[in-house]
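Across the two complexes that follow, subunit A remains constant while its partner is subunit B and subsequently subunit C.
This part shows the complex of A and B:
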């Protein structure tokens, strides 16, 4: 093996290494709404970080709880202190994998449905989680959106007795992520 | 070392790199995210410690109302129902055009005065990517006495009716349950009672809150006020001790205090009762806040 061959092999290896293609965002959006007859409480966060590894189909998303903005007066304080206890549990994470990634073309700009399964960790509680996600590719940017319902009992979030009729047991959550390819 | 050996070691290094990177996508993402700025929440339950403002502010688009009462001296005994008959009160409304700026307007029954204030947030306690040890706000209050003066020749001059309070509110939340506030204060009164009374006064306030349980705290507030040189009246430093309770929308404060005014100039410069002699009264605040429109 001469030096030129060695150089070629190294370049090929580096290229292979680089082809563990990843997509990422730090400005993903998540929105939640608690609907009761008494009051609607909603909040949004546009600092969701997510990373997607194309070769393995793995996806990780991290939501900083304190980055939620709640328009209702004093609601952010209650959200952080009483419900999410964000000092103790500063972030929610989802770690999972697309199960049928090989069936779709991630370069297609058509909306395709994918199943993701993994573990959602929220308020210090880890729960297995399966979710349908719509993905599409818009000029190299990969968007994923999904809507889900989260039962706050599942995650050990308790509502004080005196406001029971003002906080929904099942909260609607919408997630919109637009991931860009990570440049090596 | 032969090229083949170099090649093998390179393959090993690269494969180890790529395996570890794939194994911990989360770590990789965390690394990309870097450190966030974490702001402190709920240094005090309401916008007031007890009498005085705290570093808390009404959030953007919020409109806050505050009703404050102080009864007469407990010493007045059963004849005045321990002060119940001689209540003074303040009604105040405030608005937050942006998160860091509040404006307020109030009416107090003491000297039938109107007051306007503006409160700016200068710094917010945070950790993480940006470390700021304290929250700091600036409070500027102008108060106008609208009652008839005893000396009728003085009546028509607006300037004589005005007094001003400027405060720097410096607070820090220590851990989950305890917060303290330091409040350097400067008061200017255009008109004072006697020649011996000072037009300009400095004061230094100490406020503290301890959260006993969720939504329930014990608060205390003390001001050292520059001594007047008055032979006729003896002034005391205002001290207030009480509890604060919060519901989903309201904050209630119930306290005992020796101060007999409600707005800043009144309770700081005109406290004539001695707390240590038990010359105290009961004070009660209700604060509530509504949201005018939702943040986009």
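This part shows the complex of A and C:
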């Protein structure tokens, strides 16, 4: 078990063992789209796992790269083998914290904007990451959505010269999480 | 006349081939693993334990591979696209979660039943995730 995996396990155990309110999901959704003049390539994954500790504001999210589904068969193969190298880097993770959690009421069904900051690990590269997230509470389930742009150069993702005009440098990503309270 | 027949046959064959290739390239659902040979046969607990003990080694053994998993059904559900999802019973926080292909029928399954499924291992979050699965 390497340090990163150990950290993930500790985060999960801390989240479970503490006395504060925790929310989690194993069926979160993430969608990406690479738009170029030549072709649009998109894919989605509905198996995102995430856990949120209300008292500390900490959140951890785990995305399995091989769980992405791309409608184009050839794009699916290239996505795993060439760009994301999913055998070597099987998951992307985000570990961070909501910085202004005290300013919102997480029991409100109104949509509220929060800032989350932390570290996004993708393709073996760790980058500091700050993001605005919209949250709302629907009958006890916490929904969190955000849209972001990922520059593939920032994460060491390289595209072969012969298909460079078919893969965008900046990829649009949308995340939707519906977290349920962890029952003790 | 023979030349004309040859050209028509060639055009028809090319059209059929192109349609087949396009249908594969632009398929809308992931390939199921029903017709693929499993590289390993495990109990659900055994697979989960392997990941909980050493994720890196478990990935080396199972990630992206077609495996057969046997275990007791804990929960039956469906994902947001209506595909059946089976959670296997486990003694720990995590579990083995298998998403079946959309044409798989789980109407005859029930919790506590022992079943085997064949699927592709997508990795480990809090659970071991299997995709493109078929009932055995």
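Everything that follows uses one rule, which is that the second predicted complex is superposed on the first by the 165 of 184 C-alpha atoms of A that agree within 3 Å, B and C clash if a C-alpha of one lies under 4 Å from a C-alpha of the other, contacts with A are read in each partner's own complex, and residues count from 1 in each chain.
To be clear about the criterion, a residue touches a chain if its C-beta (ideal position, glycine included) is under 8 Å from a C-beta of that chain, and two chains touch if they have at least 3 such contacts.
Since this is a predicted model, take the numbers as computed values, not measurements.
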item: Which of subunit B and subunit C A:58 touches, first, second, both or neither; value: first
item: Which superposed partner A:29 touches (first subunit B, second subunit C, both, neither); value: second
item: Subunit B versus subunit C as contact partner of A:158, first or second or both or neither; value: neither
item: First, second, both or neither for A:67, with subunit B first and subunit C second; value: both
item: Touched partner set for A:77, first subunit B, second subunit C, both or neither; value: first
item: First, second, both or neither for A:108, with subunit B first and subunit C second; value: neither
item: Subunit B versus subunit C as contact partner of A:46, first or second or both or neither; value: second
item: Subunit B and subunit C footprints on subunit A, overlapping residues; value: 1-2, 24, 26, 47, 49, 51, 62, 64, 66-67, 69, 71-74, 76, 80, 86-87, 90
item: Residue numbers on subunit C that touch subunit A, as the complex places them; value: 24-28, 30-31, 54-56, 59, 63-64, 79-81, 93, 97, 99, 120-127, 129, 131
item: Subunit B contact footprint on subunit A (complex, rising order); value: 1-3, 6, 9-10, 13-14, 17, 20, 22, 24, 26, 47, 49-51, 53, 55-56, 58-60, 62, 64, 66-67, 69, 71-74, 76-78, 80-82, 86-87, 90, 93, 95, 160, 162-163, 166
item: Partner subunit C, residues of subunit A touching it in the complex; value: 1-2, 5, 12, 16, 24, 26-27, 29, 46-49, 51, 62, 64-67, 69, 71-74, 76, 80, 86-87, 90-91
item: Touching residues on subunit B, where the partner in the complex is subunit A; value: 3-4, 6-7, 10-11, 14, 17-18, 21-22, 25-26, 28-30, 32-33, 36, 38-39, 41-42, 58-59, 61-62, 64, 176, 214, 247-249, 289-291, 294-295
